[in-house]
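Please find the structures below.
You will see chain A twice below: alongside chain B first, and alongside chain C after that.
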Partner chain A sequence: MFRAALRLSVSGARSLTRSRPQYTASVAARSYSHGKQETDEEFDARWVTYFNKPDIDAWELRKGMNTLIGYDLVPEPKILEAALRACRRLNDLASAIRILEAVKDKSGPHKEIYPYVLQELQPTLNELGIPTPEELGINKA
Partner chain B sequence: MAHQAHAYHMVDPSPWPLTGAIAALLMTSGLAIWFHFHSTTLMTLGLILLLLTMYQWWRDIIREGTFQGHHTPPVQKGLRYGMILFITSEVFFFLGFFWAFYHSSLAPTPELGGCWPPTGITPLDPFEVPLLNTAVLLASGVTVTWAHHSIMEGERKQAIQSLALTILLGLYFTALQAMEYYEAPFTIADGVYGSTFFVATGFHGLHVIIGSTFLAVCLLRQIQYHFTSEHHFGFEAAAWYWHFVDVVWLFLYVSIYWWGS
Partner chain C sequence: MEMLHLTAGRVAGLLSRRGVAVFSTSGVKMASHGGVTEQTDMSVPLYCDRLDTPLPDRPYKDTLSAADKSLKQKEKGPWNSLSKEEKLALYRIMFNETYAEMKKPTGEWKTVLGGIFFFIGFTGLVVLWQRYYVYPPHPRTLDDEWQAMQVKRMLDMRVNPVEGFSAKWDYEKGQWK
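Then we have the complex of A and B:
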């Protein structure tokens, strides 16, 4: 889970494949005073399940994405893959490309996250035929 | 029979339900005529008939209650139920528009940029005029309560003053909102944002005008000694309606103006 971190250390020399950017994962999405705290894995699993619903409808897809993007984190590639597949089931290419734009936006100043996520999603993007904003030339406003 | 042996009100035959129904027919068919044949005559006729119906029907109710004594306790109870049921139906009316707003804003479509407010929309700053409007309506809720207590305590002058102040606050709200509508950087035609904003706040504004009118009628009646400290249901109904209008505004403010920005 890519959490907002107080300090970050990016892996060393650039290689052919990007290594996963390293962040201290000690800050949780919510800090409750009591009650069971959801782990990163539980959070990810919950969202993957949400987008994997076979008969998810267009409203639920959009609502899920808006809620997810509202959190102070960049979603894990496995969540994004489930969301992209939901877009495919709903014939919504526009939202699929928008998801990629949202990942770049959520990364903020951490410019290495977006290329890493694209790298992780490449097989899925190829399988589903989803172009990136860069390939379409729409990444420059 | 020389007089009735029960406390209920058997209303005398009245033409106003018929004229009201005819007005509804003329307004609706007049609307269709306007859309298709560009003439507003029929609709205007319906509107005039509606206004005449309302004036005369409610005037008759005032005559029956205030001057002829037909509004006994059980009759008043029935009027109370009626007003409560009516306001409840209005709550459901607004609920629909809030449903539309939340449906559109919780899951904004790709056409809007997948975000809310939609791309290209500059929403109004909730901490400027809308916040002032909130203060104005909340204050008017205080003044209308002051008016109620004044009536109950037989304080004629204070009742008139506080009721007048309530109406002035209502008019102030309407004027501020009209200015906001004029100055807004977006229109009703600006996608679902414009639609949800102006339909919800527009119907609210209409209800403010209706509520202010109702209160103004009460002011005239108070001046003409219609109300007693024990019996002033017309005023209470107007006050309930006014509080309802205030509550709707609070929901509008929090949902559309604040969260929705």
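Then we have the complex of A and C:
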């Protein structure tokens, strides 16, 4: 949902094609790039699977998070939940808090995204005992 | 190709303000001997505070005190049993600045603006000194007295009498039209 909102604000060919009519070919034939275009759901599923790897190591967690934050989107709560659980498996509370900070920063001027994400993640945060940056008082310099 | 000596200072200069802070040199000895400062070892993973890199290559503190080590052990258990201070301590072991601290305004603009005004002011002083010590003497043809005589001569000569200079002078009344 947030990805669509952000993508529409980015002047890229990808966002323009969202309003174009769907082709009925089995391989989605867009006229702006070659190959099949990954849907939002496929993107989310791929990242959830990445973080859900049971024996994920610390490097993979870092690499995954840094790459994900590098994209022009705010990750869906389900991806973040998988990432937080990966932090738990790696016994890394600090990184879990850092991930929440990064999400807030990624939202940029869209102030409604971060509270929504926290709301969606609340059960996971409570279960794992992850404090929000606000609870620790580190949201203000 | 000139080899790029990537000193910490040089890197800090190249990086822009947004999203980036200076690479921390914690854990790397900056001891100086014989007047030569040691350069950051770029062959090992470095820590950095960057908005676009939430999880740096290594923790901020890599030499842990006994208290830190026992806290790290406690981290392996349920996090609900950690107090707020412990959670904060774990964060600070791993990271240097929080996102809020990274994004804090620096007030650098005041230094920049102040520097600009200072140097403009200094330049003004240089120009002023120049006016009194460098410029040659004032030409006498620019004195009011000389200019008046010049205007009178131009009118007597009927310079541009149709549409220009002398056309604007009323010869009967002896004044400008």
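By our rule, the second predicted complex is superposed on the first by the 111 of 141 C-alpha atoms of A that agree within 3 Å, B and C clash if a C-alpha of one lies under 4 Å from a C-alpha of the other, contacts with A are read in each partner's own complex, and residues count from 1 in each chain.
Keep this in mind: contacts are C-beta pairs under 8 Å (C-beta built on N, C-alpha and C of every residue); 3 or more make two chains touch, one makes a residue touch a chain.
Predicted model only: the values in this text are computed from it and were never measured.
In the superposed model, A:65 makes contact with both chain B and chain C. Of the two partners chain B and chain C, more residues of chain A are touched by C. In the superposition on chain A, contact is made by A:136 with chain C only, not with chain B. By the touch criterion defined above, A:95 reaches both chain B and chain C. Overlap of the chain B and chain C contact sets on chain A: residues 61-62, 65-66, 92, 94-95, 98, 102. If you check the complex, the residues on chain C that touch chain A are 51-57, 59, 75-76, 78-82, 84, 87-88, 90-91, 93-95, 98-101, 103-104.
Chain B contributes residues 103, 106-110, 113-116 to its touches with chain A in the complex. On chain A, the positions that touch chain B within their shared complex are 58-63, 65-66, 92, 94-95, 98, 102.
Only residues 61-62, 65-66, 69-70, 88, 91-95, 97-99, 101-102, 104-105, 128-131, 133, 135-141 of chain A touch chain C when the two sit together in their complex.
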